[in-house]
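Across the two complexes that follow, chain A remains constant while its partner is chain B and subsequently chain C.
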Partner chain A sequence: MSVSLHLVTEPGRVGAADILATPAVLPRHGTESLTGVDVHDLAAHRAEFGLRRSHLGAAAASLLAAIEEVRLTGRGGGHFPTTAKWRSVMTHGAGGTVVANGAEGEPGSAKDAVLLQTRPHLVLDGLVSSMEVVGASDGVVWLHDGAWASARAVSRALAERAAAGAGDPQIRVLLAPDRYLSGEATGIIRTLEGGPTLPRYVEDPARPWSPGSRPVLVNNVETMARVGLLATVGAEEYLPTSLLTVVNATHRVVLEVGPGTTFGDVVARTWTSPDGRPPQAVLLGGYGGSWVSWDDLRAMPVDVAGLRAAGLSLGAGLVGPLPASACGLEESARLLRYLAGQSARQCGPCVFGLAAVSELADDLSAGRLAPSGRRRLGRFMGEIQGRGACRHPDGALRMLASALVVFGDDVRHHRRGRTCDAPTYAIMPLPGED
Partner chain B sequence: MSPDTAVLRTVGLRTGLVLLVTGSAALTSYWVGLAVDAVVGNRMAPWILGRASGITSYLLLVTLVLLGLVLSHPHRARWRRPSVATRIRTHVSLSVFALVFTVLHIVVLATDEYAGVGWWGALVPMGSTYRPLPVTFGVVALWAGLAAGITAALAGRISHRAWWPVHKVAIVALLLVWLHGILAGIDTPALLAMYVVTGGAVVFVAVSRYTSTTVRSDVEELAAVRATELPVARVPGAVFLPTPAPGSAVPASVLPEHRRSPA
Partner chain C sequence: MSRHATVREARPLRPAAGSSALRIDPSLCDGVGICAHLAPDLVSVDSWGYPILRAGVLGSASERRQADAAVAACPRRALRVSS
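== the complex of A and B ==
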């Protein structure tokens, strides 16, 4: 099939500070064969962005100021200011670890893989600079097992830098088990402390490492790439862009857009409708994100602050349009089943509660849910909310709650004994399927 | 559900409950009447009562333990009916009834001069002149059962760590009661069959409960998959990996050790 691609940025602001010049196209599953974006080796990287400035000692303040100036926030959906996390690590002394988190657990998302494979030096510049600022001695690129293309790109880039005498501190590449929660920060820290890659309860979110251990800073690779951008081109040329992954029936598109771009533009240029009609809704952020009706989202700009004001989050940058001919409840129940199965099985509300909610959502989408079951669903959702060490259930429930609102007509239609027989299904990619 | 059907449902449920209670009261009165008729004036009355209360107590204890195994079964969350609250209430009620019939069993046999047990023999191990070893099994089971029951009654007021391990002596109590019954309580082949069948049922459910995958073993399985360090990243300068053609195998050097084939 033919895919027409356009660069979607603000007119006239396509400058040297853009991370990706063109959109990348990837298959529906996996990140091995990526096309559309040129791969920056060290020479191309330096030609495009220039040399990384050192931020050792007194120069650290300038990078912190630059990060604050562009209001860089975490990619976890909470929009936690990046420097707040850094300062917390800095107060606990030098000799810690900085992790560039590229274990993209979100099955639909591929922006981290695109960054690691095509802009590895930007990510590594960000990692090295953040290590300099917080005084860390150990650098880690955290990937998931099976992300071979990304692993190759990172090890090649590390070798290039060593050969060029970049003078980087030691950076290790760690491969985490290939699971949804492998990118969860407390699980990463637990691994670095010698434990299993499973989330744990943290009393003080500003100090997620164990008492007596060296401090650990975990940032998403997109955050690292943006730090790298600030460490090379500086804040003056920095554009507050967003990296999005748009899910199509046969492929995915990763693109960078400026804050003036609307979701209508993004979908019109990167999404092929299977039924010739515009989507009915879009899953925004990730599988633990929110469904937003197309009418509400179409005119909204891709802007973190604007979305936040509307109670939405860009999260992992997933944009999953739901075709008009698909059933939103069926799709949500399918994703919920996956999320329930990805529980680390440590906390009761997640192991039992999420499984029970998933079963009820299955019943609802199959038209088998009696009124008493609907009341139970509402009660369970209320009881699980806000519980579990890593809040895995919160994301899953957010997605389901938004589905019950956005697909309210479908909920009414799926009365006991009635299904919708929607012609298209299985819209979002899940691991292990065809 | 419309208001009309809801009212009908409530009325139906209450009528059913009244019928059930009336029926079971009538049946119980009939059985008690039969028992009194058989026992009154009978020289063997203490023996009959002691035997009947012992068997009743044993069957209640078997049901109690079976329900306890179900309550702690790893798959318990998959069963929706009866509800967890009903299961626990039934478990507690069964323990009270088992205790009542055990007390009857002890009182009758301890006060029967011909039984050769006496209060000393009924409450102290090896204190009985009649079949000392089987009676001792019953006596020890009584104390073990009381320990399991009294600590569990304090659950909620004392730490889970204090009562839960003690609660597991219940299975010892059942085993001893079973031996007590086999060694001292069989006078017809039907009773032997009862002990074998009920004992087999408990063993079956216990095996299912202790061999099923638990949540903890699930976590251990997840925890067993460890993060690995990519070996090539340690030797900079020597790691320009060839990009494999699409579809070809990943070069072995990139694979962490646990993923390399032994060949």
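== the complex of A and C ==
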């Protein structure tokens, strides 16, 4: 496999503080075997990025300022500034928990696993620094059951740091059930409070922990790695890159790209077309993300702000090209079936609504959706929107709604009782398939 | 121990009229549907019998009464009036 590129395309700044030196190649399923990676042990980490500066006490302000200077935001659709969450935790007193969330429930995504396995110290530097800033006494690396290679890498890194006298606070590695929603922040907090790992309704998003409980800050491990970068090299050397996972028929590629890189560049260099043609569309962000037609996406830079202006989100960083010869409706119906099955089964609109929408999407895909079914599909989608305790149903509907637009020609074709005659093959990886 | 000596969560003070809203924790709701009968101006039901809450604050005294009745009647304690 010839995937030897490094796409940080900022003139004069190549070699500055980027995170991954080379792209990593993984199988379609699982994150236990990476190739093309260089793993940073503590010595290599310090040689590359230097020593982490302490951000205890008065020094906390400098890290907050650095995070704000580079406009670090969360990876949810809202793109909330990272420090907004931090400041909310800080106003509720010390002694809380900070969680580095690497559960990575998106079956296609592997960037968090690559980060944890190759740059564990960068993630841990970020975790320790964020604990210092918000005054937390408990650190958690949150993974999912079965992510053994990541768990091993983090445990090894923690042992290395202890042996080197890094003076880190207490950090635990916790393994959540291996489900799509295991990385959902309110479910993580609920677990830490002694409850099940299931999403929870939160009235005030700025205070997702229970009244009387200690504050909990949950940040994705990529955010933690970026905080780690800012805590070592500082904002001057920081590059606003993005970590992406590109899904291929036979493998996945995790790579880091600079904001000048277009999706056309990314796909041209990391995706092998099964039919020799460019993709017709790309699923962006995750299975609860959005389909974007290739014509619209090709020239767009991989830049959070630019995508946001276009109503799009990088989400979990998934880039899933759909081959020109595949059927987008069939693939969407397949993903929707999976998402409906991954409901935490707590909220009626999600349990019953997603199941009903999924059945109608199957009918559409199979070319047997009657006009009455079309009307029901529209009504159901309107009824479900925004009515779960978490955003799971909203994500599933976003994906389907984008499919109905992007594959609009196919929708008309399928409505006439025909299907695409596309080769039936799975595009996006799902657990238990292939 | 008396069977009445159960611990109850303290209820927050009633927010000022005009800024309060009816809210639901959808993970507690089982779609019993009493709310839609007691608060017809505030609650409708979806295709599966689960309540859809009208957006916005509680304006009139009548809306306020309907909201209080729905909150009190919900067997799952899924509803509350909050600011």
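Keep this in mind: the second predicted complex is superposed on the first by the 419 of 434 C-alpha atoms of A that agree within 3 Å, B and C clash if a C-alpha of one lies under 4 Å from a C-alpha of the other, contacts with A are read in each partner's own complex, and residues count from 1 in each chain.
By definition in this document, contacts are C-beta pairs under 8 Å (C-beta built on N, C-alpha and C of every residue); 3 or more make two chains touch, one makes a residue touch a chain.
The structure presented is a predicted model; accordingly, all values stated were derived computationally and were not measured.
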Touched partner set for A:A157, first chain B, second chain C, both or neither: neither
First, second, both or neither for A:Q346, with chain B first and chain C second: both
Touched partner set for A:F380, first chain B, second chain C, both or neither: second
Partner chain in contact with A:L230 - chain B first, chain C second, else both or neither: neither
When both partners are placed on the shared chain, which of chain B and chain C touches more of chain A: B
Contacts of A:A333 with chain B and chain C, given as first, second, both or neither: neither
Which of chain B and chain C A:M428 touches, first, second, both or neither: neither
Chain B and chain C contact sites that coincide on chain A, given as residue numbers: 198, 344, 346, 352, 356
Residues of chain C touching chain A in the complex: 23, 25-31, 46-50, 52, 82
Contact set on chain B toward chain A in their complex: 1, 77, 215, 218-219, 222-230, 232-234, 236-241, 243, 246, 250, 254, 256, 259
Contact set on chain A toward chain C in their complex: 198-201, 203, 344, 346-350, 352-353, 356, 376, 379-380, 383-384, 387-389
Contacting residues of chain A [partner chain B, same complex]: 32-33, 141, 143, 145, 148, 151-152, 154-156, 158-159, 161-163, 171-177, 179, 191, 195-198, 344-346, 351-352, 355-356, 371
